[in-house]
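Look for chain A in each of the two complexes below; its partner is chain B in the first and chain C in the second.
Let's look at the complex of A and B:
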């Protein structure tokens, strides 16, 4: 079974990777010039006695050698304890638990939108190659690729919230409301989802376009045409199938970009997800929270690659049957 | 077929695009070099009498909420961004070049280990890792450069390694080795001159990306010090004006990121089209 081998191989690579990443984080934290205890106390650091500070330090295990701290953290992690966020004064697991859903909601919706819109528009552009539509679409895609997503987000806020007043500028619900209602949530979701999907779909669109153009030149497409099949049938049943294959792998490799996009979009729209929380954790040098979130993002990337590999085995009969990639 | 196409619009378009890209880059670079010589920018200056003025002949890009000229600050911001981007790109290509050279030249287990490391670094979300580094070492230009270099050397490493691998099989390398050249001499005399164009291209392509990272980190408040005119800081400052309906303090600095990035990618595409005969014969873009 090919997929068993793929999963085993990926896992064998993942464990050392996660160990290296987490250890790297600890080494960086150790080298940091910030004193986490002073950071935690803030202004109170001026009036706190050195004994109390030493007590906090011992309590957090910061006086121990690096390897011992790391081993303790790793042990706690394996038993499900992610530590306590120093800036939010809540268990890290609780912080992540409360916010992960919101991030997954936005990222998931954006993924669906881009996976539908990207290939459709890209195929259209390839089919009508060099037409005004093609030039408009590729021009927009290249511009979008060069534009920073946070800037696009701000422009969207300016157009749709400030000028037109159609949609709220940010947050999860209206400031006045105390509960999350579905219509309100949907209204607040439109802009973040649209901006994330828009910013992530330009590479996909360009990729599909080039891939379809390449495939349309292949012999089997010419063969299908020669057999008298309709242009649409050739495009959808013959060309598109083989053009979309490589994009599955690339999709998996783009998860880091998706994480990056989520961080920036959540920051622009004050969306209460885990990605935006990363910035709060970073600004307040909240190591336990930051470490857990970095680990989470790395896991997402690894999972994305694994899923892409598996999807590839399903989609490509050569890999599925013969086990060649 | 290509000859017949040469006079059509589709064949002329790439040339026009190249000229446009080169022109944009030239104007921006000239502005960044010359303007600071002519007009000094007081980074701390605040003039509330001229606050939030829309674009006008006196202030072509308008003024921000504390009365600073957006055009002048954008030029200074682009200068900082290009400088940070250039240094970060050079640093990451240097690290990547060394790793790629080592992996390609050594081969065997060392190669496999190094390439696994490259895979590992690629699995990190770059911005997040940058945030992590900058957060733990007070936000500054140096921290931004380090965070970009540490996360972006992998592309250069891959390019250099595959290039070295293909060079190793070439007859002139065999000839040099059988002529008694040592490892270092082969690297210096035969590998480096052949790698130079690739390294140059990798650096040029990396600069916009490095600029993007600098602006993203600054935008999040984790980059350059907030009073300093930098494109990311300006877009961040402009957020408040934007909610009041003033679009110019955020829009123009963003254009200063967008234009050079577009120009560089058009340039890279032109190079790709020129070097790949398949694309050259059938201009796709």
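Let's look at the complex of A and C:
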């Protein structure tokens, strides 16, 4: 029943956390030098009379005190109303509803690729330590870790779309098609998923490599070898199990970076997801949309950590037996 | 060895899992994909979507040709715009995309929604002259104005939406293209309206694909995904020598210049402002800062719009000797440090520019270095707009305006004394009774010849008073794949959603 305790404990923490995060977001947005009305009007702000701008400001309640604005927002949230996006002129729920699926699709696929490629390649590098393969993998991983995601994205477009012409450079489907078909969608997903997974997995891969190298030196591995077990059995049955435990926790802790990575990848590949919308919401100081997206990102991080901890109880009997502190 | 290859196989598989090579399907002849930079926030004209006729889904009472002639669209003919009452008669037999016939109630509803404060329409201020709109019968619409306002005919390009329609619902108009789908953040698909009252477009399927990043858009154009796209001048260079694509340059009415505070001792001196206009090197700004995609500017009304006074011009090259002579004659004498002074006041002022705008920053730097050569010290300040707001009455500012449509647009607000100190309208507090008289006369009459004469006087007065230091007009650059007839270039506005060159897609036909 350890997991019940973990979930209850986490939920109790989540409520004040969400309150603090959203209030902090409101306070920051309020302190931001950008005027939401000017951002809403865009280029037109320069040719709009101060009187019309004042009217919009009053309609949005921007002249009210911060606490009152926050209380109104919170009240609406509790009654299920996320408000209206100012920059997109649509209900926030609709904006998120239209886009969340596409983001989950890319992030989910990238996560799967990371979960497979990270440990496999990391273990492989550790197992054949100091070989040409290990050097290639670690070298590439370090380079990738230093490269910004959007740069990797643009490079991938240049190589695979422009030079080789294998894959489309962006968008959800072919620009000319009006319906979403599966083969078309898959072809468009390859680059965003690969870039997101690739840019996020180098750190994991290096971590797994270190961890496996460390475990391979442990006594129980030496003991297993001494009992005459085959190298592969030692690696897969004994060393990996112990080396991958911290990996689970790290996966959970990496969720925020996956979220930021998704924002950049969506922007570079014109992917119509919710993460790319965050940039727009932030730039246009769209409080209602930004607040909802912040809430969503916070929930993603909390859920990521929770899932990692639950997975840990499955993987490590000590946690299951002794419980969490 | 076997084990190694098995593991390596998994690795390779993971990396190449889905990357089956394939080519993008070649687009059919009747499908055009336009790569655009900024996606509209809403597709409703009431909420500010393409009010100046850049929408392909909606028609206004009137429309503009690429050479800026106003033609009747949903109206049967152009009305007389004298006085405070303007009457339009609607064209017969027009239907919306959903089959409903167009009536005057639709027009009244559209304008009422724009004017309704609760809708927060960004274009509400443009229609400030309208008191109310009513419909005496099914085919007649009457605009009651608060004051005589001839530009109302130009404002009537606003797209008409059906009566009682939901503002954030599916867009329904009467235009040459009908809405099919909108994948937010990606693209809008349109199809030709086969029941269009005008010529049905030859391009049957139109896709407006949105990519904000200029490099990403250039890449997608190069990869063959777009039929045509808009790009900044530096990004079109790679397409110039490519076979099968054409680079087009369109002049625009979008200018950049320096707005002066008139109540300050240095910028308030006419001699200083005139000397600056002589001292700046506009040709260098066009070639170095705009990569050639621009033209020198000498006034607020662009050449080619039909309203420009040809005598308001000058040399793109600086005339520093003349600038120095102007300053000397006005009593600004060179000091020991090279900066001129007059009665103990140094020829020094601050020039602000919005910090995030690299074009305005480059122009500000160029102005400062040109001014230095004639003994005027220009200090630069890159600020955000909220800081600029507070200082506009005291410091000069790099600004941009300009519209190719009606000469009353923005110029009335920028130069009329009644707007002095009101936000971005006339923050320098320029006040000249003669200018007020001309601007009022210009919007009172709808007689084209009389208006042209009035606005020529306006332009000459702005030049004589050196109210602004005009620097450059920008040009828009486009890349188009394939041969098309019907593609026309005109003087473009700053905002061009699907207006400007790409808006002529309505008339494109494959040139075979």
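General observations
Simple rule for what comes next: the second predicted complex is superposed on the first by the 297 of 325 C-alpha atoms of A that agree within 3 Å, B and C clash if a C-alpha of one lies under 4 Å from a C-alpha of the other, contacts with A are read in each partner's own complex, and residues count from 1 in each chain.
Here is the rule we use: contacts are C-beta pairs under 8 Å (C-beta built on N, C-alpha and C of every residue); 3 or more make two chains touch, one makes a residue touch a chain.
Just so we're clear, the structure is a prediction, and the values are computed from it rather than from any experiment.
Touched residues of chain A were counted for both chain B and chain C, and C has more of them. Contacts of A:67 after superposition on the shared chain: neither chain B nor chain C is touched.
With both structures placed on the common chain, the touch criterion links A:314 to neither chain B nor chain C. In the superposed model, A:210 makes contact with chain B only, not with chain C.
In the superposed pair of complexes, A:154 makes contact with chain B and with chain C alike.
In the superposed model, A:185 lies in contact with neither chain B nor chain C. Contacts of A:55 after superposition: chain C is touched, whereas chain B is not reached.
Of the two partner chains, both chain B and chain C are touched by A:33.
Shared-chain residue A:260: touches chain B; no touch with chain C.
Touch criterion met: A:162 reaches chain B and chain C at once.
Shared contact residues of chain A, touching chain B in one structure and chain C in the other: 33-34, 154, 157-158, 162, 169, 267. Residues 13, 17, 20-21, 25, 28-29, 31-34, 129-130, 138, 142-143, 145-148, 150-151, 154-155, 157-158, 162-163, 169, 210, 213, 253, 255-256, 259-260, 263-264, 267, 278-279, 281-283, 285, 287, 290, 293-294, 297-298, 300-302, 305 of chain A are the ones touching chain B in the complex.
Of all residues in chain C, only 3-4, 7-8, 10-11, 14-15, 17-25, 27-28, 31, 33, 35, 41-42, 47-48, 117-118, 120, 122-126, 128, 167-168, 180-181, 183-187, 189, 205, 207, 209-213, 215-216, 219-220, 222-223, 225-226, 384-387, 399-401, 409-410, 413, 422-425, 494-495 touch chain A in the complex they form. Every residue of chain B that touches chain A in the complex is listed here, in rising order: 10, 116, 119-120, 122-129, 131-138, 208, 212, 215-216, 219-222, 235, 238-239, 242-245, 247, 250-251, 254, 257-258, 261-262, 265-266, 284-285.
In the complex of the two chains, the chain A residues touching chain C come out as 33-35, 38, 40-53, 55-56, 59-60, 87-90, 95, 98-99, 113, 116-117, 120-121, 123-124, 128, 133, 154, 157-158, 160-162, 164-180, 186-187, 189-190, 193-194, 232, 266-273, 276-277.
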